[in-house]
Every structure is written in structure tokens, then in C-alpha cells.
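Chain naming follows the written order as A, B, C, D, E and F, and within any one chain the residues start at number 1.
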Amino acid sequence: MDEATEGGAVKRFLYVNRKAPYGTIYALESLEVVLIGAAFDQDVSLAFVGDGVYQLTKGQDTKALEVKNFSPTFRALDDYDINKIYVDADALRARGLTEADLVIPVEVVSTERMAQIMEGQDVILSF
Amino acid sequence: MLHTVNKSPFEHSALETCLRYARQGAAVLLIEDGVYAAARDTAVSKQVEEALKKVSIYALEADLAARGMRNRVIDGVRLVDYEGFVDLVVEHNAVQSWL
Amino acid sequence: MKLGILVNEGPYTHQASDTAYQFAKAALAKGHEIYRVFFYHDGVNNGTRLTVPPQDDRNIVKRWSELAAEHKLDLVLCIAAAQRRGLMDKNEAKRHGKDTDNLAAGFRISGLGQLIETGIQSDRLVVFGD
Amino acid sequence: MDEATEGGAVKRFLYVNRKAPYGTIYALESLEVVLIGAAFDQDVSLAFVGDGVYQLTKGQDTKALEVKNFSPTFRALDDYDINKIYVDADALRARGLTEADLVIPVEVVSTERMAQIMEGQDVILSF
Amino acid sequence: MKLGILVNEGPYTHQASDTAYQFAKAALAKGHEIYRVFFYHDGVNNGTRLTVPPQDDRNIVKRWSELAAEHKLDLVLCIAAAQRRGLMDKNEAKRHGKDTDNLAAGFRISGLGQLIETGIQSDRLVVFGD
Amino acid sequence: MLHTVNKSPFEHSALETCLRYARQGAAVLLIEDGVYAAARDTAVSKQVEEALKKVSIYALEADLAARGMRNRVIDGVRLVDYEGFVDLVVEHNAVQSWL
């Protein structure tokens, strides 16, 4: 355990996003947690694995569903100094996607690297 | 018979199970997160292309568009709007939802 | 044609209620009759009048109430499912000694027999769920 | 369409059970529909596919979960003249189960036979 | 040790709330402290006082209320999630012009910040959901 | 790290995804419908037996018993009650729930 956690001052928070958008509300409500959490000055990372990578795809047009397209909100994360955004390479590949298909710059990582990132966290919020 | 599938094929077994039971000439309508199965060049697209030889496959356009998948659809998968969904229900003798 | 609809999930969390609503609207636009919309499992949560969705979001409950008013739709919540989940009308509230009810306009609470009847009386039954 | 359906007197109802018990309530609440439906004198069949076969396993003991064990209720189906109960052979096999592991006698059928049974229905209630 | 609990699903439909309850009870029995139980997504449906489960079934809402009373647990429903799904306390009902509220004893409604705080203040956070 | 899995491995990808990320020495606790993965002689039991070489696997006894799986558990999978669940949480630095 490092000093920061010992002192209780700053914890490493990881949000693990595994659900596609719109079919269920988890993706949208998770993003609401991330935005609120940004005010707490913790060490925040976001992981997108499995269907979670679909949250970040470009070209979402929700008009016919009569729901709000929340994908542009991910672009605001940088304003909140949330920029540790990890995307599983295999998850992208299995879905025929590349980094160029995503609405924000991300760090595409291997399974092994993602596992390391998860291992180094204090609090893991999974949705 | 009309089958509907509303789950992502990457996380759930619903599509796979549906395709096992769908018989020659049946129709399969992909809705909600199920539309991800309609996308080209994925780990499941071969399975869907294979299924097209046996069944008709439709995808709900509103769901594809919402997910940014409108322009990635496998050749042979037909797009329908909600009225087209209603037509499919009317045209088939029964509907089986693979939830 | 006469269509029956079964909704198995509550508002917002799953898309089921949205899809069922758009399906119902399209069916009515095409001149079909909706025999009944039956709400089961968490679907009963569509019938609460206490939702206050964000202003930039759709109001799922209100939308059902309005569609029901416009087209004389029969919106039925399963009574057993509603009891488990905290949905009740005035009668139920009285019967169980609760101080209030929470049912929205246009919905009514009844037994599972109404679902079977929907299957019998409709030319097609379509199920929306998780 | 056969005479029965034309006349509206008797319809073929199929209940398709695909969910395991206890993790979610769908299995229990579906059984409640079947029992209520029995009073309507329709032509009723039950299909158990995928995890649905777990609903029928012997030896369920729910005491520690503090929930009701509803598996004995399946034995009452026969009293309601509900005896067309089909179980997918592959679903059993994949889960290491045999007919002897189930609380009621069932007809174990192939995928092709199950598909035929589904095709012959008027109303399909899936949970 | 100080434990935080997040419950993401409503009562009865998913086992999440049951498992969280048994976990909380076991933790208290072992002498741990529960910093807070936060209810998010459909989890807010655990906080309605209008459930009437069958007599031979557990009363999930009441069980949480009683555990809270016994151990001074802090049971918090997320306000945004509660608004979408029709859960409100007296203040919220007044603020939104609703004629009633439906919050059960022992629960309170507050912001998502309380979830983050639970993560910060607890030694461990355990998530229960679908 | 402690991972929890509450989904059936036959219908959902949760266990498979969990095992991909679980590192040498991690603990995996099967709960709710996730306990079906602890059963012997199934289509996924080989995968679980393989995983036992890398991680410790536990299953919640109450969930196994409810599902009639109490006497079918793979050798090497350890059973815990709710207090054992609490102990696992306390013993590991963080918990990742694969919902």
C-alpha cells in the first residue's frame, strides 16, 4: 500500500465498463458516477472491456429511439482531468473496431496490461 | 416463425441459441443490443453470414443508428423500422423472443 | 390484426419498455388493434406515477399513459408482481393498510389470468424483456 | 391453421424456460403464469432450454438463502393435466445432467425436435 | 474493518439485494463496520415502503429497514436514479408536486457523491448487481 | 485481488472474461448463478479446472445448495459461507465484481 492510500487522502478508483449503451442504462448511469466523482480529486481510471467498448463508438444517432446520445459526454472527461482511459485491444478486435472508431483518444492495452491496471486499484466500481 | 434477439452476441448466448432452433425459412429480427450481431468483420459475423443461408435476418434500424452501426451492416441483413417490425409480426404465425 | 404485448422490465433500466412503446405506436399507426399491454416481472414498475425523469429525457410512464388515453389502450400490471415490487392502486393500498398508492393514470392492476387471456384473444403476442 | 385456432377455442401455448432459478425471479414467476394458465383449458407445453433445465434439478435446498424452494411445485403440473414437458438434450448434456437428475418425468428431445415443437405453437411466452 | 456496499438491482427480480443483505449481516456478525449501503440503478427500488410480498416469502425491504435500525446502518438511495424510477421521500415529493412519497423506514435519498465517499472512506467496497 | 462472478457460464461471458483478467494468485468467488461453474463434468468444467492452476476458486455454499449443486463440486474448488465471503473481502486488497 502506498503513502497516498495510507493517509486516506487519494485513492485509486477504477471504473470498469462492460455494458453496451442504450440496451440498458448501466453505461449512462456509470458515466454520471464518473462525472460526479471527478469533483473528489481521486486518482481515476476508466477501463472499457467487452461490450463496454461500444460506449465509445463514433456516429451514434439516437433520434429514432427518443433517448439522449451521451457519447459526446466522454469528450468532457478531459476537462475534468480524467485521462487514464484504457480499452482492451481484444475487445475492440472481436468487434471489428479500431481506435479510429472511438470518440475520444484512449490507450489501447493488452489483456495482461489491463490485468495489471486492475490489480493496482483501491476501489473498483463495475457496472 | 419470427424470432427476436435483443442481446449482444459477444456477452450472451441468446443469438447462438436462437440460431440453433430457427428452422429453414424462419425470420430473425435483431433489436436493442442484439443489433451488434448485424455488424461486419466481427468475431461473430461469420456465424451470422452462415445463418443467412437458412433464415432471413432483419435488424431494427433505430437500434443500429443509436449504436453507430448503421453503416457497418453485413450484406444480406435487411433493415426495418418499427412499422417493419409490426409487419414481420403480422406476416409470421407466432413470435419467439429470445430474451 | 389484434396484437397483445407483454413487457417484462421496468422503465429506463432496460430498453424493453421503450421498444414495446415504439412497437405499439407503430402498430396503431398501421391500423392494428392492441388488445392489451400486460406488464409482468419488473415491468410493473412502468406504472408508477412518482417518476421524475431528467428534463432532457423521455418520460416513459407519461408516454404510456398518454398513448392509453389517446387509443383507449388497456394497460394492466400483474397484481402478484406489483405486490412484490411496491406498486399499488387505491384499493390495494387500503386492503394492505398502506398509507398511499402510487399507480399512474391509465394503468390498472389485475391478475395473471389477463395475460393468458391476452394470449387467447390476440392474433399475436409479442414479448419484450431483458 | 387448424380448426381449434380458427374457432378461437383452444390455442397451443408454449412456455419457454431459459433462466436458472434463484439468481433471478423469472423462473418462479413463469411457473406462476403456467399454474394460473392451467385454468384456461388451452393446449399447454413447457420447453426447458439452456439454463432453464436447472429449474428442474433434484436436491435444491434454499434454506440458507431464505427463499422458497419452488422446485417441488413442478410435480403439481401433472394434476393440472400439464404433461407435455420437453427438455433439450444438449442443454442437459452440456451441464452434466441426465433425466435422472430431474424432479419430474420429462421428454428429452433433440434440437431439431424442439424446433419443430416451437414451430407448431400459437402463443410463445418466453422468460 | 470498514466495508462499503453498492447494490445495483431491485428486490426480488435479481438476487443481488439478497446477497448484499446476507453479506452485510455476516460482516456485522464478525464485528466489521458497514460504512454505508448505497443503492444505485434499479437498486433504489429496495427503498419502497409499498411492497407486500407473499406471506411465505422474505420481506426484502423490511429486512433492510430492520438491519438498519439494529445496527444504525446508513442506507442511501441515489437521488438521480430514484427520480427516474419513482422513489421519493417527503421533501422530494413536495419539490416535484407529487401527492405522496413512498420511501421506507431507515432509507434516505442523497447524491452520487455519497457513493464516491463510500469508496474513499471504506477499506473495501463490494458491488452487488446483475 | 478478489474477483466475484454471479452469472452462469453457459449463458454469459462474465466468467470467461474474469478468468482472462485474473492474475496468478488471485481469488475468484462464484456466487448466485455463477456457482454453476463449480459443477463437475460440464461443458465448462475443464476451463475451471485449468483456471485452478492459476487462481484460487471459491463457491458460496448457500448458492450451491439452493441449486442442488452442493455434491457436484469440482475437486479443488473451496466452499465458503457468507462469513467466509466477508473474510475473502478482508484478505484481499480490492474486489472486482464481474456482473
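By definition in this document, a contact is a pair of C-beta atoms (placed from the backbone, for glycine too) under 8 Å apart; a residue touches a chain by one contact, two chains touch by 3 or more.
What you see is a predicted model, and the numbers here were worked out from it, not measured in a lab.
Considering the contact criterion stated above, the chains in touch with subunit D and with subunit F alike are B, E. Common neighbours of subunit C and subunit E, by the contact definition above: A, D. Comparing the centres of all chains, each the average of its CA atoms, the largest separation from subunit D belongs to A.
When the interfaces A-B and B-C are ranked by how many C-beta pairs touch across them, A-B comes first.
For subunit E, the chain whose average C-alpha position is most distant is B. Subunit A and subunit F have CA centres that are 25 Å apart.
If each chain is reduced to the centroid of its CA atoms, subunit D and subunit E end up 34 Å from each other. Across the assembly, subunit E contributes 8, 12-13, 15, 22, 41, 57, 80, 84, 125, 127, 129-130 as residues in contact with two or more other chains. Across the assembly, subunit A contributes residues 18, 22-25, 50, 65, 67, 122-124, 126-127 that each touch 2 or more other chains. Residue positions 6, 10-11, 13, 32-33, 62, 81, 94-95, 97, 99 of subunit B are each in touch with at least two other chains.
Contact between chains, as defined at the top, is found for A-B, A-C, A-E, A-F, B-C, B-D, B-F, C-D, C-E, D-E, D-F, E-F.
Residues of subunit A that touch subunit C in their complex: 22-25, 65-68.
Only residues 8, 11, 13, 25-26, 29, 32-33, 36-37, 39-40, 42, 122-127 of subunit D touch subunit C when the two sit together in their complex. Remark: subunit D residues 18, 20-24, 50-51, 54, 57-65, 67, 69, 71, 93-96, 101 touch subunit F in the complex. Looking at the complex, you find that subunit F touches subunit D at residues 6-8, 10-11, 32-33, 36, 39-43, 45, 61-63, 65-72, 81. Every residue of subunit B that touches subunit D in the complex is listed here, in rising order: 1, 13, 17, 20-23, 93-99.
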